[in-house]
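Report on one structure; see the data block that follows.
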Amino acid sequence: MFSSFAKAFTNLFKTPQTIDYPLTPIEQEKEHRGLIEYGQEACIYCLKCEKACPPGAILFVPVENPPENEKNKKGLKYHYNPYLCIYCSECVRACPKPDEALWQSNKKSLPATKEDRVNESWFELERLKKQTD
Amino acid sequence: MKKIEVSLDTVREVIEGFYEYKKWHFLTLNGLALAENKMEVQWIFSKYEALEETVVYFAQIAYTDVIPSIVDLIPSAIISQRELVDMFGVQVEGSEKGLYLDEDSLQNPLSGCSL
Amino acid sequence: MFDLKKYRKKSPWILHYNAGSCNGCDIEILASLAPKYDLERFGVINTGNPKQSDIFLVTGPVTYRSRERLVELYTQMPEPKVVIAVGSCSCTGGVFRDMVNVEDGVDRYIPVDVYVAGCATSPELIIDGVVKALEILEQKTKEMEKPLKLFREATLENSIVNRRHTALKVGEKDEEN
Amino acid sequence: MKQTINIPLGSQHIALLEPVRFKFECENEKIIGVDSDVGFVHRGIERACTTKFKFDSIGYVVARVCGLCAITHSLSYTVAIEKLLGGEISKKAKYLRILLLELDRIHSHMLCLSHTCENAGFEAMFMRIMGDRELVMEIQELLTGNRVQFDYISIGGVNRDLNSTVALKIKENLYEVKQRVLGYMDEFTNNWSLSLKFKGIGALSLDDAYIFNAIGPLARASGLNIDVRNEIDYLPFDEVGFLMQTHSDGDINARNLVRLNEILNSILMCENIINGLPEGEIFTKIKGKPNGEAIVRFEAPRGELMYYVKGNGTAMLDRVRIKTPTFASIPAFSHIFVGQDYADAPAILASFDPCLSCTAK
Amino acid sequence: MIETLLILFAPLIGGLMYGFERKLRARMQNRQGPPLLQPFYDMWKLIDKQAFIVNPYHTILGVMHFITLWIVVAFIILGQNLLYVIFLHLLSTIFIILAGFSVKSIYSHIGSNRELQAMIAYEPILIMVAVGFFMKHGSFDISVIRENGALLASLFLLFLAFLMVMQIKLKKSPFDATEAHQEIVGGVEVEFSGVFFEFIYMAKWLEYAFVYLLLMLFAGNNIFLGIGLFLGVFLLVNLVDNATARIKMKHLLRIVLAIGLTLGMWNLIGLAYV
């Protein structure tokens, strides 16, 4: 009891452990597993990452005006949902050209609000994907 | 892992003869869906303070069979038995449904799902 | 960057419900109440009582058995209230998407205002989410204070019943502006 | 007939992290009967493992069974698959797996201790332990890239190497944690209000521990020598200085002391691993499709975790059976509650370190 | 004039104390803590919030609790009879207990039950304190007590007993089983919401004012001793709060009654015969 007593008293004169987070930003560790990033030029459209992703947070969906890339024969476009991703970096391990086409950054995802339509917009993409299969 | 086949009629006697509560540790009751509308029930035990000694008693049954309860021998089996009832839709003496599943969720999710 | 003075004038009391998550996000919520991140800086108290809370932190994809309790808790909270879906699986279902006993995401049942990603999410993201929620809470409070249009016909658009409804539409109005 | 009252605890309650509902039938705040509902978190992971996911990504799915013992889940599953495929992983990978397993145990035990203190109404101790727990979380993030869900183990080895700066940081922080833990030992044994709350409360006798097949710290606090780390040979626990920690009282205080001693033992193991880390590859490619059945057991922070995996030579498995520590202890829980005061119920519950998301899967 | 102002601002002074205490407690727990004016932000927020009325008696009794407490504090400031003050305070506690029993929530019932038991523990000690003052001055009037010298030395044992009462009244561990957030989610206040919870919340501030005003009586007319006593006890209460766990109701009754009554009795016997 008395050691807690003393501890509480000495804590009064120490600077608290708290990081005043939104005011003083925390530096992310370089190794932190954050958002997955995609390099469109280097992608060879093998769709390995799409198959490897456990929750299915990466989708290649056919669009009308696809990004210009000679490997992209089916006219697909890369979509990624950070609110579905589980940040396991299995896609990066599956990717034949890691660090160029697909890599994991240490950026954190921002909180979304209603306008971002994290669920509805993704449903549309999933429906599109199902139609092509 | 040692596997011993038993039949449903004799399983209680076999376990009663085998199980010494200070020597063996009841791990769990496991179900396994087989082909032709059959399933396998496994009673898994392991030995205290021994390296990798696991004994599995198993019986192949139909879904309509009633599995005898071993709760009076091993009180901690009650929760595994209830799970088995929920997951496979078989009957175990004295164990009722509804540990995990609600009325409108998919019933017996594991019965024959790999087939 | 952040105008913290504005946010600090609020006192969001949080209610936490686990609707079937893996505990990863729940322990991060505990960690964000602990000294290093200390959510109490914003006036947060973990009340555990729906009748006295403003922010509803939900973790986990909603399982069949917990959905009833989830809606019950949401309705027990007095207006204005903000719902934060913490973690990937409460936003969209995450890795549990399409599993048999799971409803993908909290917004199938209750309207969600802030989605916080991450599996498991980290205390920083939770703080970000709470700061965002404070903005929405303030807007909703203002919306509730608007005088009622007494002399108009009580249509569905502006009747008393729909004050809650208009409060929910705060975000959409901003989009137009 | 005496009048009884029913006091519910859950499914949403401030003392609970997870949804579980207990209904205590009380006589003047003394519990005479318990009714529990543990199925709130059932998500159907066992079914999804056989119908939805291929065997190589299940390691990430079963990690989400429980956030606290995520590493043990993915490790058990991976070892089971490695057994079926017949691959052998390098010694360095084995050591790194133990390292993370023990770090996870340290942070999980600290969380449990702090939660027990909070439920006993000791907020300052909760803050103190949670504050110190950040030291462990920090090194976990450095080692694996995430604070809670590590996703560190893959079939054939581990995903990340340990470099020398991280190793140094781990050693520094663990030394610091050790000092703090010794401080808690003093606090848990000497604080009179904690002894009123913890000593002789929620006791489980040795015989009951045998009868109810108790496991983990719950059993070890009653004097039952069960620690799966002692009974398996997939990972070299005996090489890195594992010692079983037991106590004979069986009450909350004994459980806390067992946990504190285990933290100290785990710190020792981690230090031994870092000092004697062998050279070699961290990943060996293992090819093939799993066929046959395997039972793998591991010691999660809460007790014994068992995986039964059956493959049929294709990418989809036949059966993944997860038997989790709390699942096996539920009969023991209900037994302990009877005869205690309701005022002690949250603290007793926290001292089991229950993990309901494990239980219901 | 100054008394009227003091009475009007009594809840605010209590609120400031509460805010300062939250800050202090945070610092003792090695964290930054909320801003000093946080209780007032809470107050503004609660006014804005929708309120659910469970039943009319429940809310009225809650408001009555607040008003009676305010009158109690006013009486102390005006220098009225100490015995009246203590019994009126008892009445205000009874209001909140009745409010707890008037709803269906089981947590509320347990909270009320515990509040009753705690009342049994601390009420005799409060009366003994009043009797102690009476034996010294021959009057229960607070104004008389204030005019005379400090009684800390001659009522020292009663002062120690009073410190235990403070822990109960301020809901600080080890004697905070009446509130017990982790067991019964706040006890009697569990069903209050919105602006009606506001009254309960502000009653807590008044409780601070009440307890510390009673404490100041031990210093008599010595203002410096009074301030010293206030600061010292304020720190002590929080330090004890941060060094102990919550003990159960039966232990609370046993400890407070056994130690408190014994200390008080010895003091009174000493006053009578020495």
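A, B, C, D and E are the chain letters, set down in written order, and residue numbers restart from 1 in every chain.
The rule is short, and it goes like this: a contact is a pair of C-beta atoms (placed from the backbone, for glycine too) under 8 Å apart; a residue touches a chain by one contact, two chains touch by 3 or more.
Nothing here was measured: the structure is a model prediction, and the numbers come from that model.
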item	value
Co-neighbours of chain D and chain B - touch as defined	C
Comparison of A-E and A-C (more C-beta pairs in contact)	A-C
Most distant chain from chain C, judged by the mean position of its C-alpha atoms	B
Reference chain E; chain at largest CA-centroid distance	B
Rounded Å distance, chain A centre to chain E centre (Cα mean)	52
Chain centre separation in whole Å, for chain D relative to chain C (CA means)	30
Distance from chain E to chain D - Cα centre to Cα centre, in angstrom	43
Per-residue overlap in chain C, given as positions that touch at least 2 other chains	34-36, 38, 41, 47-49, 64-65, 94-95, 100-101, 119, 122
Multi-partner residues of chain A (at least 2 other chains)	1-2, 4, 8, 16-18, 20, 54, 86-88
Chain D: positions in contact with at least two other chains	13-15, 39, 42, 44, 47, 60-61, 64, 124-125, 127-128, 131, 134, 146, 149, 191-193
Full enumeration of touching chain pairs	A-C, A-D, A-E, B-C, B-D, C-D, C-E, D-E
Complex contact set, residues of chain E against chain A	24, 26-33, 238-240, 242-244
Residue ranges of chain C touching chain A (in the complex, touch as defined)	1-2, 4, 35-38, 41, 88, 91-95, 97, 104-105, 107, 111-119, 122, 124-125, 127-129, 131-132, 136, 171-172, 174-175
Footprint of chain E on chain C - complex, ascending	8-11, 13, 34-35, 38, 40-43, 47-49, 51-52, 54, 76, 78-80, 141, 144-145
For the chain C and chain D complex, residues of the former touching the latter	15, 17-28, 30-31, 33-36, 46-50, 60-61, 63-66, 69, 73, 89, 94-96, 98-102, 119-120, 122
Interface residues, chain B side, partner chain D - complex	1, 21-22, 25-28, 30-33, 42, 44, 46, 48-54, 56, 74-76, 78-80, 83, 87, 98-101, 106, 109-110, 113-114
